[in-house]
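Okay, so chain A shows up in both of these, paired with chain B first and chain C after.
What follows is the complex of A and B.
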């Protein structure tokens, strides 16, 4: 785990302010993401953790202006990259941003590469879209990039088509493509979910190494708290479209503030000690459109009170750099029963 | 690849033999006789019998069929009763005519329908999508001959821009050829546009939601680049399949269009052969059409390998 950089004085690379994303369908609008605010600084490794459907992928896509519109769109808030709002950016500035300043790798490397182009061509395309260099030099760069992400015999592999590579290799290709234009922010949306456990570790190590060597910021979206513990500096926990806890990794694991985080940690098997039983959170996360009023976790929460249903949800900072959206902390109650 | 092509061509031989057999048997069932057609309405029975004897039609059908197959083995398609020329020569003479309308119509249909299909898919549910799909539906539904007649009325009679029929060989006068071929090619292309637009649209809709299209956007490519280089490129296999199938429509369409515009092509030759019960000519032209079908399908299959690397290595 690397320590968080001293970022207090520097303006953040990316700052998301009160982001709100809705899905419109025939006369109704479902809220997917509400009041999400956070910042990422250069070189930082931020983890976003949550269950499927909590809005983490939508939040990520909005950072590239890639929300699957016109039905799904950001209806409020700002996503500032270098002070410029991505949500209101026009086509050409957006194209300049994508792949150049902000790059993204996706969950399924099997389907994320174009099946009819060689992997070399696909990397070359990214380079040529953003840099005025010749095709041959771009190809040489592509081969270097493949070598950099530890693909053996890169020069030959560059001529391969995606179907000739394994899943782990394809995810490396995706990473090579993403870092081709030296982006300052790399968003990885569940990059290892579709891969073997041993390959997972290699891919994450690779991402972390590239982050250190290139000083780029990484946002890792995952549902795996173990991965967060290993690599992230700071972490956001999302539930039903909201951030429910924001903390530095060490303090999140030492003292989770939100009952949901608490429940998540209880469902991860610890390595050091033996446990008889893993504790699962009761019930299912509600789907967008069916969210309860007040705190959305309240129906599943072991510590819920009657007031939770009418509480106006907000993040409450009970320690520096550690905030949770829970009524328990409203009056300075700093911990709950373990 | 060469081995594959040879195997496919070998497999086509039984297909062609079956087509000839069916065509032959069908003509035995159909009433009418070339001798009547040749002799004219006021010929006596003996005259007709004499003609039948000359043509060998008084022999048993299986003997005539065997003769035809034996001649075919020597590469001889026989002699036309009515046009008094070698069937092979008659066909070869007309191939450039039909081929030029076919290619011209594809040249109009393919770019038009791919562009329309992409636009319709991109603006799915919008007014422009509705407009394009309605046009496509009309293209498929309206009969060729009707579109042809309307085209003549409008472009030839009303505006006077294009001739209402006839054929000018390309070698003689290229401008005249273009003028004489434009209307027939448009008419022939209308139906193809209808079908191909629909296929392009549905394939594009399918592919536009693929992860690699999102990847292409995330790289910073323009919308046009994403749609054409990534989405369309992957939609080409089904599109090319349909282009191959369109060939069938072109042949049947050519029969009608050549008739409407009095163009001396293979389609018209088939109609003429059937109307005069010119057995060798019917056999020959149908064999030619079947052979062309086989060849087109082979070309389509070969093109798959170029379009999709996964097929290439399988």
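What follows is the complex of A and C.
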């Protein structure tokens, strides 16, 4: 557990405040993300978990000013990195931010790599974009970076093209490229979803090692609660564009507060024990534009009540560092204001 | 080495099954430059109403085994006994008679459902092929929709109108149309969101109980495999390295690869924060040029000299558990 997670006095590296993202299509505007607020501190490992369409990837893209505009845009809130609002940044400050301060890796490394350029050249390009050094020195750095992400025979592999590498190796190359300019925050969006479990374990260990060695903060976006349990310090659970639970990882698994989190945990068959039937959540996540009023989980919630449909949704902190957006926890609200 | 089905005679019995794909070069003058032994001498049995889980990393041949069993592709060698009849060499009319008993549920329901057919047409298609009368087809479709948890109103809709989970229900309904006895589920829940995945897993288990189906459940997600299966087989580069009762395999894995696989799975429990994890070094070798001896020796943390030269055979470890490793001698 990183020390930064609990020291609220230290200014966070990144703070997202009331972020709202909409998608405009023809004459309608659909909400994708609403009222999302959280902070990430230096060296912290934050997990964001949720199913497809919950807004986790859109939230991540907004941190790099990479929302697929002009139809998808942030229509409210702020994303502050070191006190500067990324949402209002212009082209040149954004370019400086990306790579130098914030870097990102994606699920499918093949679509992020240039197929007709060697991986060494691609890393060199990244380095030269941000630093004024000679090509030869940049190449040496690229080889060092490849070695740092555990690519064997790095000097030779640097001359390989992406298709000559396996999926796991390609993801390592993406990580090498992402850390080339020593970013302070690395966002990893489902980085291991396409990989086999044994390779997934290697990649996650690598990310965690780089975080420790470089004091870099990591935001890991995943649908896999197991990955969260093993690596994250803190977790955000997202559902239909909102954060429904925010917790230290230990308390999330010890005592999940939101019925959705409960359902997610019940949906995963345990590896060490046997259960007869999984506690599945009925129905499916609603798509953006079709979100119900009030609590968006209420139509699928086993504990829903009539009031849920008109409840003004907000995160309620029922103990320090553990909050859930559920009417069931409303009674404790006055003592721990959110 | 075969693991005996617990109850009575087996529905499916596979012996020394192999599938070798030729690797060719050149467009005009195609010549064979090698073979990929995607499946190389695989044997197992599946009892009535039971599930064999087949796990392994990508490229290990698990999906090829599934496709061989329903004769989507032809085996290079070996036999597939369905209720005592060897179907591995049957074709034409003789095979047609058996097809209704062998069905397949695919990973991606979107690409395995024809976008221009209605749900009714999709589910009825196997019945059309089998020559069922129209009235019977209609009645059967209604029955199947109810069975997999879809509404009668869904029958006139098209696949794109459904969510991933519902599409998988359509795929399952189609597979069950001919009243099969054996269904191959190839990564049938892998593409689904976690909450929906649990629904489909529960559905498959309920259908098995109600209809007495036997499954080959091919998947890479070990916790789902454990939940679904009676027996589990672990494959590595075309061969089974460990096979046996689910409880034995998960509680006391004997093969170093099974151990590594199990310890690679991140568990959604706080108690399970990574401490004693066996990280495998390296990656899956190319199936074009597999390592000599035990194919796993290049990544095995406990390999010794003999592993490089001699291939270990499956041998019994405990009752209902066999593994292929020299350390078990």
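General observations
Convention: the second predicted complex is superposed on the first by the 326 of 338 C-alpha atoms of A that agree within 3 Å, B and C clash if a C-alpha of one lies under 4 Å from a C-alpha of the other, contacts with A are read in each partner's own complex, and residues count from 1 in each chain.
Rule of thumb we're sticking to: a residue touches a chain if its C-beta (ideal position, glycine included) is under 8 Å from a C-beta of that chain, and two chains touch if they have at least 3 such contacts.
This one's a predicted model, so the numbers in the text were calculated from it and none came from an experiment.
With chain A as the common reference, the superposed partners chain B and chain C fit together side by side. Centred on chain A, the angle reaching out to chain B and chain C in the chain A superposition, using CA centres, is 80 degrees in steps of 10.
Set against each other, chain B and chain C touch different numbers of residues in chain A, with C touching more. Shared-chain residue A:255: touches no atom of chain B or chain C.
In the superposed model, A:281 makes contact with chain C only, not with chain B.
Of the two partner chains placed by the overlay, only chain B lies in contact with A:125; chain C stays clear of it. In the superposition on chain A, A:37 contacts neither chain B nor chain C. In the superposition on chain A, contact is made by A:96 with chain B only, not with chain C. When both complexes are overlaid on chain A, the residue A:104 reaches chain B alone and has no touch with chain C. Chain B and chain C never share a C-alpha pair closer than 9 Å once the two structures are laid over each other. No residue of chain A touches both chain B in one complex and chain C in the other. For chain C in complex with chain A, the touching residues are 57-58, 163-166, 193-199, 201-202, 205, 220, 222-224, 226-227, 247, 250, 260-262, 264-270, 272-274, 277, 279-280, 283-284.
Contact residues on chain A toward chain B in their complex (touch as defined above): 64, 66, 91, 95-100, 103-104, 106, 108, 111-117, 125-126, 129-130, 161, 163-164, 174, 177.
Of all residues in chain A, those touching chain C in their complex are 51-52, 166, 168-169, 196-202, 204-205, 223-231, 249-250, 253-254, 263-272, 274-275, 277-282, 284-285. Residues 210-212, 214-223, 229-230, 233-234, 307-310, 313 of chain B touch chain A in their complex.
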